[in-house]
Amino acid sequence: MRIAISTGGGDAPGLNAVIRAAVLSARNRGWDVLGSKRGYAGLLGDDDVVPLTGESVRGIMAHGGTILRTTNRGSPFAYPVRNADGSWSEVDRSDEIMENARNLGIDALISIGGDGSLAIAQRLVDKGMRIVGVPKTIDNDVSGTVMTFGFDTAVNTAIEAIDKLHTTAESHDRVMVLEVMGRDAGFIALYAGIAGTADVILVPEIPWAMEKVCEKIRARDAAGRRFSIVVVAEGVTMPSGDVGVMGESLPGQMKRVGGVADTIAREIQERTGKETRSLVLGHLQRGGSPTGYDRLLATRFGGAAVEAVAAKKWGHMVALQSPHIVTIPIVEVLKESKRVEPDHDVVRTARAVGISFGD
Amino acid sequence: MRIAISTGGGDAPGLNAVIRAAVLSARNRGWDVLGSKRGYAGLLGDDDVVPLTGESVRGIMAHGGTILRTTNRGSPFAYPVRNADGSWSEVDRSDEIMENARNLGIDALISIGGDGSLAIAQRLVDKGMRIVGVPKTIDNDVSGTVMTFGFDTAVNTAIEAIDKLHTTAESHDRVMVLEVMGRDAGFIALYAGIAGTADVILVPEIPWAMEKVCEKIRARDAAGRRFSIVVVAEGVTMPSGDVGVMGESLPGQMKRVGGVADTIAREIQERTGKETRSLVLGHLQRGGSPTGYDRLLATRFGGAAVEAVAAKKWGHMVALQSPHIVTIPIVEVLKESKRVEPDHDVVRTARAVGISFGD
Amino acid sequence: MRIAISTGGGDAPGLNAVIRAAVLSARNRGWDVLGSKRGYAGLLGDDDVVPLTGESVRGIMAHGGTILRTTNRGSPFAYPVRNADGSWSEVDRSDEIMENARNLGIDALISIGGDGSLAIAQRLVDKGMRIVGVPKTIDNDVSGTVMTFGFDTAVNTAIEAIDKLHTTAESHDRVMVLEVMGRDAGFIALYAGIAGTADVILVPEIPWAMEKVCEKIRARDAAGRRFSIVVVAEGVTMPSGDVGVMGESLPGQMKRVGGVADTIAREIQERTGKETRSLVLGHLQRGGSPTGYDRLLATRFGGAAVEAVAAKKWGHMVALQSPHIVTIPIVEVLKESKRVEPDHDVVRTARAVGISFGD
Amino acid sequence: MRIAISTGGGDAPGLNAVIRAAVLSARNRGWDVLGSKRGYAGLLGDDDVVPLTGESVRGIMAHGGTILRTTNRGSPFAYPVRNADGSWSEVDRSDEIMENARNLGIDALISIGGDGSLAIAQRLVDKGMRIVGVPKTIDNDVSGTVMTFGFDTAVNTAIEAIDKLHTTAESHDRVMVLEVMGRDAGFIALYAGIAGTADVILVPEIPWAMEKVCEKIRARDAAGRRFSIVVVAEGVTMPSGDVGVMGESLPGQMKRVGGVADTIAREIQERTGKETRSLVLGHLQRGGSPTGYDRLLATRFGGAAVEAVAAKKWGHMVALQSPHIVTIPIVEVLKESKRVEPDHDVVRTARAVGISFGD
C-alpha cells in the first residue's frame, strides 16, 4: 500500500500534526507514504514528491506551517498557464494528476484542505481517484465537524491581542478596533471577543449599524468606562443605506489598505469624538505553535484519515462529532458552509453579559 | 429575584469566568446576586455572604482561582465540629443552610463544583432547595458533558511542561517521568501525552506493567532515540503481582512524597540503567489564566446556569453537548463518572503513532 | 512626608510595577502617597488626585497599562485651551501645578515618563519643584540607562510575531515585512530581528537602499530559501534619490495608512516578483503583562525613586548602570538620546550571522 | 582555519543559539566547524565529532537543549573508567583530547560550559590547547559577566509558576512553597520572587530562621491576607541550632525526596496551622524555548566567541559588561563565584516592598 498526502490553501496551526499522525499511523501499518509539495504541484510534476518516514515528521508536532508547503493558487481543473503573449489561460490538468499518481504507484491520497480543496477532491473522486479528505479552515466554517484544527490557536492569538489592547485602551481612554480573520463566518471574532471581554463584536452573520456601535461606546463612556474594545471579523459589510458621516460609502471602503477596521475606527472617532485606533491581526492568526486542543484534534484527524483509507472511505472527510471522530461524505459537507447562528447559546450569552453586536 | 452563587472543591481555571457570566446575566435580568464565600461556609454563617455586581466581577475573566474562595472541607450534611475534648464529630447542618438562605431572601442557588458538590446539591434539592449545578472538574471526569472548564488549561500547562522536559531529556539522554493530575481518570495524561509527543502514557483505566514500559524505552534506545518521556496520571496503580526490583511493593509506595512518578522513575532507572528523573506537576495545573477554550466554555456555563434558573430547572446541571449547552438532571450525572475508554479513537490514534500504554 | 506620582506619555508594560514599588516603599517609610490621574491633569485640577495605599496597588504587578491612566497631550507649559471661537491656544499652567501641589501638601513628585515628560520635569525643577524622574520609553532610547522597562516585553511580543510569521512565510514561499515600534531608534527591530532570525533588519540609524534588500531576498531564493522575513522600525526613511519603481516617492508615502511596512512590501513584490505581505504590530507592543525582566527592572526603579526622594535628589532620574541602579541628573540625560550604534557588537554579530541591514 | 565547539554540564535555554551564532559567524569567515558530541566525549573518541554547517543550525535558535548533547559526567583529567572487577577508577585523558584535536586538524575550541567546564578548559589551555570559553549557568553565578544566558528564561518559568500558584493559594487560603534552582546562588529565587510578588524569599546567601518565616505568614493572616507564597532556592540550609518542631534536624533533611521545599512546607504547616503545599520546579527551569533576552545574549556570546578566536584570545571567556560584550581571562573568572549581595539594591527594594528574607 502506498499513499500520498497533500496540503492546500492557507496554512493553519496543526497541519504538521495531521501530517505527522498520518505518516506514523500509515508507516505503522507497513504502508509507504509520499508527500506532494505545494498542494497538487508535486503530483502535477511542477514540484517535488518526497518520501515521508518517521524521520521526516520528527519534532514537527509543535511547529506551525506545513512541511509540505502549500499554495492558494491553482485548481488542477483550471490551472493557470502563461501563454506565449504573456497572458494567462486556464487548462484542465486533472488527468495528469491521475496519471502521475498511477505512475508513482499511489493507491490513495489524503487531501488536507478547506472548502476549495475538498471540492477539487470530490471532482477527482468522481473521476475515479481514491481520496480521503481532512478539513482545514482557520475560520471553522466547514460544516459537518464541530471544530477544525487551527481555529483554537487563532482564537487564542486573537484573545492575547485583545488582552494587550485592553490595557493600553484603558490607560489612554481609547477605543480600539481589532480586525480578526473570518471572511464569511464570524467564529473567531465571536469566540475571541467573548473570551477577551470585548464590548462590541461585529460578524458577517448579524446585520449591524455604525450608530448602534457608537451608542454602546457612548453608554460606556457615560458610565465611567472611558474605553471600549471592538472586535470585527474581516468579512463584515454595512447595510447599503449606512453612508459614513465622512462622506464615504463604507462597503467599497473595505477593500483598501488598513481594511475594515481602519474604516470603522475612523467613523467611530468622527461620530463619538473619542480617540480611536485600529489594528489588523492578519497573518499572526495563521502562525505559531498549535495549542493543545489543535495538536490533539489534528493528530486525531491524521490517525482517522489513515483508518478511513484502510476502510476505503473514498470521497469521505474525517470530522469531529464530539466525542468521536467520524467520516462523512464530502458531497454532504459541500452542500452548505457553517455560519454563526444568531440565536445560538454563544451569541445569547454574549448579549446577556453585555456585549453589543451592533444591532 | 435573588440568587446566590457558591464555588466548592479544588479551584479550576475558569471559575471566575463562570461567576462573571452568571452575575452579569442575572443583573441584566434585574436580579440580585449574592456570593457565598468558601463554598457553603458563607451560607452556614461561618463566612461572608457578599453582594455581587458588575463592579465585583470586573476584570476577572482572565484570572485563575475564584473570587468567592473555595474549600475542600465540609459537606453540610456531615460538617466537622470540634468537641470539647478536642476530638472531631460530624453534624448535619443542611437545615441551617436552608434557613439562612430563606432569611437572606435567596430564591435559588447556582452551585459550581465537582462530583462531591453536585451530590450535596442534589441532597439539598431533595430537601426542597432550588439549585442549578455547574460542573467543575479539572480532570474532565464528570459524565453528561463533553468537556468541563479548566481541563483545557490544565492540559496546555502539562503540554508546556512536556515540551520543556523534552529538550532537556534529549540533551542529556535521559528518561523523564512527569506526573499529572487524574486521580481516577487519565484524560490529562492522555491528551497532554499525545499533544506533547510522550513515548509512554500511563492512565488508571488501562492496566500496565513496568516491564512493558521499560521495553519501550529500551526499544527507543536501540533505535538511537536515547531519551524517553513518560507521562503518568497520579492515580495509576500497578497490578498486585508486579513487585519492584528494588524490593518494594509499588502500590503502597505510591502514597509517599514524590508520588507515583518518583517510584516509577526509580524502577525505570534500576531496570534499564538509564538516568531517569521525575517531576510532579501538581498545583501548577490548577492555576493560571484560563485558555480561550476555558474562558468561553465557562462563560457559556455561567450564562446557561442563569437561563436554567429562569426556567426553574432545579436539580439540573448545565452541560456541553456540542455544539450546544444543555441541562441534564444531576441524578443522571451522578450515576457514573466519565473515564477514558480504552477503545476510544483517541487511544487508538495514540497507539497508531507509536505511544505505549505499558500494556 | 507626602509624595505624588504621575505617569505620562504612551503606556509601557511595567508602569504599574513602578507605581506599586514606589507606593509600597514609600508607605513602608510612613509616607503618604497621592496619584495624579492622567499625567499632570490631576495636579492641574482637570482630573482626580487619589490616595495610593497598599490596597490600591494590590495585584497590579503583572498588569499592563497604568492605574493612574496616562495621556500624550498637554505640557503644562503649553497647555491646550479652547477659545471662545472654537480655536485652540496654549497657555502656561505650570504655576497652577506648583500651587495645587503646595495646597495638597505634596513634598515631592515622582514623574514617570519619556524624554518629553523628563524635559517638563526639569523645567518644573528649575522653578523650584522637587521632582525625581523615572525613565519610561518602550523604544529604549533614553540615554544614561542601559535599559528601560517595557522594552523587553515589546521585544518579546515582536519576536513572537516573527516566530508566527515565519511558519506561514515558509509554508507559502512568501516575503513578510513586519513593522515594529521605533520612531527614532531601532532597538526593538534590531533585538527582535536577531532573536527572531529575520533576514533583513531596517533601522533609522543605518542608511539602506531598497535594492540591497531585494538582493538579499533574491540571494536566499537562489539558495533554495524561498521565503524571507524583513523587520522594519516604523521610523525608517529612504535616501532621497531612491524613488520607488511604482512611481512613488517613498519618504512621503511613509505617513499613510499601512505605514512604512506596506510601502516596502509593495516595492519588494514589484521588484522581486515574490508574493509579499506586511503587518504593522502597532499597539500590541505596548500592552500585555510585563516580562520578568521588566517587572524586576520596574520594581527596582520604583524602589530607587523613593530612595532618591529620601536623598533629596531633585532633578535626578533613576537609571540602570548594570548591575546597579544609580541616579543621574536629568539635564545630562536630555543632552542626547540613545541610538543604535552601527558598530556595536550587536550589529556586528547580526551581520556575522547573515542578517542584512539593507546597506 | 578549523574550529570545534562543545557543550558541557546541565543544559540551559540558549545553548543552541550560541552554537548557531558561532557556526554562522565562523562559516561566514570561511572557517570549518566541527561539533564534539556530549562534551568532550566526541573529542575523546567515545562519541561523534560532526561537521557543523549553516544547514546544521537551521531553525534551532528557538529550541531549548543543545544539538551537540551534553553531559554532567567526566572531566578529561579524571575520567571514569570501569575496571575488570566492576569498580571504577579515574584516569587522565587530557592528552588524548589534544592528540585527537590535532589529528582532526582543529585549530581552536569554543567550550561552552559552567564553572566546572571553564576550569577544565583552563587546564587544557595551560597544556597548550587553544580555547575560548563561553559561560553557561542557569543560576547566573559565574563572575565577570552581568548575566548568563538561560537565566532569564528560568526566571520567567519560575514567575509563571508563582503566578499560577498565586491564584490557587489565594482561593484556598493556603501557603505555597516553591523550590527553584540555585545550589549556591539565590538569583533565580530572588528575581522570580520579586517579580512574582512572593511574600518570603529564602536564598543561600542570607541566613534565615524558620520562625521568622512563620511570623511573616502569621502577620499576613492577621491582616486578612490568608495566603502566602514562599520561594526557596534549592541550596538553602538552616542555622545549625534551628531544629524542626517535628523533631527533625533540617539540614540533613534537605537531601531527601521532595527537597527542601517539602521540609519547609511541613514545618510551616506544623507551626502556623495553615494548610501548606510545596512544589519543586526542577527541570522545567532548564527547558523550553529561550526568551528574547536569552536568544540575543546567547547569539552575542556565540558571535563574540568567534571574534575572540580570530583575535587569539586563548584562555579568555566572553562576558557581558553592559552594554558591551568583552573578553576576560578565565583564571580571573575562576577566582570567585557570583553571589547575591545582601545589600544590593535588588534585595533592598525587595525588603522595601515588604518581602521577608526570613532574617
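Read from first to last, the chains carry the letters A, B, C and D; within each, the first residue is number 1.
Keep in mind that, in the parts below, contacts are C-beta pairs under 8 Å (C-beta built on N, C-alpha and C of every residue); 3 or more make two chains touch, one makes a residue touch a chain.
Please read all numbers here as calculations on a predicted model, not as lab measurements.
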Could you run down the chains that neighbour subunit C and subunit D together?
-> none
Note, CA centroid farthest from subunit B's centroid sits on chain C
Whole-Å gap between the CA centroids of subunit A and subunit C | 34
Centre distance in Å when subunit B and subunit C are each reduced to the mean of their C-alpha atoms = 42
Would you please write down the residue numbers of subunit A that are in contact with two or more other chains?
-> 163
Which chains are in touch, pair by pair?
-> A-B, A-C, B-D, C-D
Can you list the subunit B residues touching subunit D in their complex?
-> 10-11, 13, 15, 38, 63-66, 69-72, 157, 160-161, 163-168, 170-173, 176, 256-258, 262, 277, 279-280, 282-284, 286-288
Spell out the residues on subunit A that touch subunit B in their complex, using ranges where they run on.
-> 20-21, 24-25, 28, 54, 61-62, 146-147, 152, 155-156, 159, 163, 191-192, 194-195, 197, 291-293, 295-296, 299-300, 302-304, 306-307, 321-325, 344-346, 348-349, 352-354
